[in-house]
Amino acid sequence: MDFYLNLINTIGIHTMLGLSAYLLLQTGQLSLAQAGFFAVGSYTAAILTVIFQWNIIPAVLAAMFLAGFLAFLVGFPALRVKGLTLVVATIAFSEFVRMFFYNLKWRVTRNGEEIGPDGTMGFAEIRYFSDNGWSNLEVTFFLWTFVIIVMGIVWWSDNSRSGAVLRAVGEDELAASSVGINLTVIKVSAMTAGGFIAGLSGGLYAHQVTSLDHHSFTVLLGTFAIAYPILGGLSNVFGTLVAVIFIQGLLVEGLRFLGDWRMILFGLLIVLAMNFKPLGLFDKHTIGIIKRVIRV
Amino acid sequence: MKHLSKLMGASLLLIALSIPQSAIYAAPSLKVLGWGAKSGPLKSFGVNSEAALRSAVAEINSAGGVRMGDGSMAPMEVIGYEDSACKKDEAIAILRKTASTTDAIVGMGTTCSGVCQAMFGVLQKKVEDTSDSGVQMPILADTCIRPGLAKISEWSFRNVPNEITMYDELFKWLRTAYPNVKTFTGGSETDQGHSFITYTAIIVQMAVKHGFEWVGPAVPALGPKVKQGMKELQAAAKSQHWLMGDTNYTVQARKIKKQNADMILVASHPFSACGFMKEMKRQRIKPKLLVGLTSSASQETLNGCMSAAEGIIIPTGFAPITPEAKKANNIVSKAGGFLDLHSSAAWENAYLVKRAVERAAIMGRPDTLQQDRRNFRNALASISSQKGLIGPLTRDGSTGEAEKPYVYVQVVNGKWKVIHDPNS
Amino acid sequence: MEDFLYEVVEITQTIWDGVLFGSTYALIGIGFTLIFGAMGKLNMAYAGAAIAGAYVGLAVSMFFDAPIILVFAVSALVSTLMGYIVYQTCFRFIPTHNHLAALMASVGGLFLIDEVIVLATRGSPMNFPALFEDAYFEIGPFGIRGDLIFVFFIGLVSTVVLLYVLFKTRLGMATRAVAQQDVAAQLCGINIHRTNSITFSIAGLLGGIAGAMTAAAVGVLSPVIILPLTIKGLIVTVIGGLGSIPGAIIAGLFVGGFENLFLYVRGIDERDMYVVALLFIFLVFRPNGLFSKTINRD
Amino acid sequence: MLKIKSISKHFGGVKALNGLDLEVGEGDIFGIIGPNGSGKSTLINVICGIYRPTKGDVTFHGQTLSGKPTHQRLKTGIARTFQNIRLFPNLTVWQNLWVARNSVEDIKTESSFYRWFGKSIIVKKEIEEMLEFSNLENRADELASSLAFGEQRRLELARAVATKPRLLLLDEPAAGMNKDEIRDLDSRIRSLQLQGITIILIEHVMELVMGVTDRIAVLNFGSKIAEGNPQEIQKNEAVQEAYLGYSEDD
């Protein structure tokens, strides 16, 4: 049971990570900066609960706002460029953040033990959950309240005018601006929203794994962040969830019994998925099938 | 949402498949589950440790197995060896899986320090602390050598040489063995926690302690107190360090060449250690002594740069010097693994488990699982000394830090050769 | 005065080493820029394929103790093939306008290649035969690595050849035609897929050379160098200006020297930060890179 | 209301516009004709702020537009359609119209939160009107890409009108249309004029231009060679040699 809950938590965290990239992807911008925001979120929340002994809720909220604000600041210069340049710029950004935490040393002594981020040694013993006797089930409920709230908000904005505007920008920037849409504002707000979500999920992630170091926040994390929405399809938020279940549930955990061949299959299945479903596993075609299935 | 539940169902089914179906074994047996990196760059860790663990267990069973609580002898059984890929999230998932879905008495893994740091954090900190909802599962790690991990949880155990004493002894011996070596310098890979902290906080300190003279960038008062002047050292020697993934070591090598020391410390894993030593060779840097990091006392170093590594001296927790060690070495090599300081720990762990089980009177029944694990943990904690492959393993009950015999090996003509055994 | 002189020598030497080493970045950069120029797409599997080629070359040298040149040839050949395969598996069947899917597919390809290498070698670092091991000339206070000179030289040659192919041969015309106006090119009877797969193969060829050269220059081959190479290559591509081959070369050499210099003065922990900072400076003041093409109408 | 003062736009050596002066009066339907490459579309792009003119200035209701980005010019009341239709193909017809609600009135009437995340009665009503105007009522929930060519043209026009413009720039709206469609477009344009929208119509299809416009300017090689009401233009020799010869066999 414990194990399934843990898996569900992981899925929740990664779903939020994916959704943080989802919004910006709709505007046609490909950003790998999510890893950076995620890192900022997780370190901030962890420092707040471990060093300043905050309660976890304000801690993750603070993490969320900090990451969101950072995204806002990064958005303006970053979104002047697009395409490959944006990809590289955002990779560079998240590498920069990673190197910042990799050099961050902030040790305080509490009842005889040194705690806090310790540069390349990482940041161990973020044990808020177990110290406060949270059962894994409680953790799951706690975590998924956030996931559901986030999914709800994204779903809602997706079906409101803002969603339409985001997609419009993604489809034809010239036409969008000539019906009066301010591209910069739209893109930057999408990025900021993404930053908020990434920061939130990072804050929760830190307490889930109890130990952070720079290895967790490499470019690969950013790649996964965009992989989920792309693999799932940008038609709606459940695509991302489906993709996360596909990757975390199926490829990473589900295929364990394959031993050495698991990771080979991992890459292979991603390639196949993109070849057979370039618009995502959860594209209109799939949705159509599902609708029929439900009707039957 | 039907499709979702379907997909969920499918993946859960697969996950269920992936769980060792230990229930089907009728005869009572003592179950353990291991894990390590079986994918990714550190794959060799997992492969070697699995080979060692499985063959050690086979040995134990052919010798009659383990005595259970009811006095009967039962075979020991490795119900699986999972791939944690040296990633925190995966290791934690496996840990929870082992604890909640299998009836393994103990989890045996892993080798990567960073991963242990995360896994141990998930465990309950203090055994009797009921307010702590951490996982209650004894973990017996092979290596996880990074200093200070033991204190994270009382459920966590490591079988690892104590690097502090290891290097302490090493330099003490070098002092006498190489009287003409006076000065030293060196470098490390800063993105690998273990390499870096060991280098700055231990290796350099111990060298200074035993009267070697640091000729690197000026650092106020290094050693002999452990960690003394560590920060200054880290700051000062920045530009003679490197990263694990680096490709160009010219600058570092030249900095070190200029210092022209008698002894050079190369504190990093084979990946970059080899690159750096090759660059040293190119720039014709020939120190009187070359000292390395424990982790590179392995086959990988020979694969990577046999000739450049010629002459490097490394303290390690394993070498085929005793009959047992030789025997184990042969068996494991037949099983397709190499026995080095990491995997030899896995071998010894199997025997540690046997001993602890026989102390703890394990019933090995599903209904007694929790109790068994707890007893096992206490028994394991109470073991202060155990016969290892090359000498006694000891463990300091108060700090939880393990002590393990070690020898000094050197690359001679492309082979690891034991040059000194402090215990003898 | 002594110290000053010493520093001057050291810094010159540092930059010089860096620049020589930069030629490997340059080749990777050219690869990215070629593919981007031709399809406007990002091939994340590129550096992975390059290193894979080097591995096969290594295998050859291990089994038949082949001469180093042959090792290079095999590496180049294999990653040419890899380039072709990557195109066929990750780009060929994905709708041309769908950049995201292609990107993701190539990421999958990267994982796959990476893991196959690990499976073959247990991730253990492998000794790579150095080109003329002892070619280390010391001219006065300076030391020059013969093999790096050779690497540099090969880099230049392959670039010249590439430029010739692109601008003087019919194939090159076709490639550039597809790059500039694929529809029009199709109307002129150019087979896009054929042209693209040739572009990928050429890029793969360069990648193979780059991979083998990196491996030879380091002397060790291990999967851990793939990701850093990818990132450096991308940075080089952008600094050089997307689709600009001369840009990629100069940027590669420049970044190589730059990072070595900052390693020397600021140390390893900050080196990459300064590289990133360099990129940002370019993005702000020269968003289209060193050799920016003129911005087209809309 | 719209003054174009000696506008020049050069692309490298090409002088797409060359010191052009125009003045469009309130409520007019102003036609701009001229052979291909005479700079008509460039002019529209300059007015919309997609190109920055090399020289000269555009003023709208007395205030200069220079330096204003496209989306702000729309807020001053300038909307357009494209020569090659540019809808949002993967958005529904309804969404295409919904996205376009950026006019100053809209921003005034609705709270910004509601504007982005809600769907008020007024919005519904107005979009229904737009659907009616472009008679696409029964296609509201279909993807724009699934519409027929004529329908797409109508939708694009509706989308431009949905931004509540005071000046509407139509870039060859009749291209590729058959006679009835053109007649239909004609009446639609007139009805827009009745709503008090000034219209600049760029067109090759003479029957439409000559029929619907109040004034016509003729461009050739980026400068104006004639201006006047349709009858005058048809008489003008310069125009005939530059253009109508071309339009008879059209």
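Chains here go by letter, A, B, C and D, matching the order in which they are written, and residues are numbered from 1 within each.
In this section, a contact is a pair of C-beta atoms (placed from the backbone, for glycine too) under 8 Å apart; a residue touches a chain by one contact, two chains touch by 3 or more.
Because the structure is predicted, anything quoted here is derived from the model rather than measured.
Farthest chain from chain B (centres taken as the mean of C-alpha atoms): D. A simple rule picks the central chain: find each chain's mean C-alpha point, then take the one closest to the mean of all protein C-alpha atoms, which gives A. Rounded to a whole number, the gap between the C-alpha centres of chain A and chain B is 33 angstrom. Centre to centre, using the average C-alpha position, chain C and chain D are separated by 49 Å.
Per-chain CA centroids place chain B at a distance of 73 Å from chain D. The multi-chain contact residues of chain B, meaning those touching 2 or more other chains, are 39-40, 190.
Residue positions 115, 118-119, 227, 269-270, 298 of chain C are each in touch with at least two other chains. Contacts with at least two other chains are made by residues 50 of chain D. Residues of chain C touching chain A in their complex: 36, 40, 42, 44, 89-90, 93-95, 98-105, 107-116, 118-119, 227, 231, 234-235, 237-238, 242, 269-270, 272-273, 276, 279-280, 283-284, 287, 298. Within the complex formed with chain B, the residues of chain A that make contact are 1-4, 6-7, 10, 102, 113, 120-122, 124-127, 129-136, 208-211, 213-216, 238, 241-242, 245-246, 249-250, 252-257, 259-260, 262-263, 286, 290, 293-294. Of all residues in chain C, only 10, 13-14, 17-18, 21, 24, 115, 118-119, 122-127, 130, 133-134, 136, 143, 145, 214, 217-220, 222-225, 227-229, 256, 260, 263-270 touch chain B in the complex they form. Interface residues of chain A, counted against chain D in their complex, comprise 156-157, 160-162, 164-165, 167-168, 171-172, 174-183. Residues 25, 30, 77, 80-81, 83-85, 87-89, 91-93, 95-96, 99, 102-103, 174, 218-220, 223, 226-227, 230-231, 260, 263-264, 266-271, 273-275, 278-279 of chain A are the ones touching chain C in the complex.
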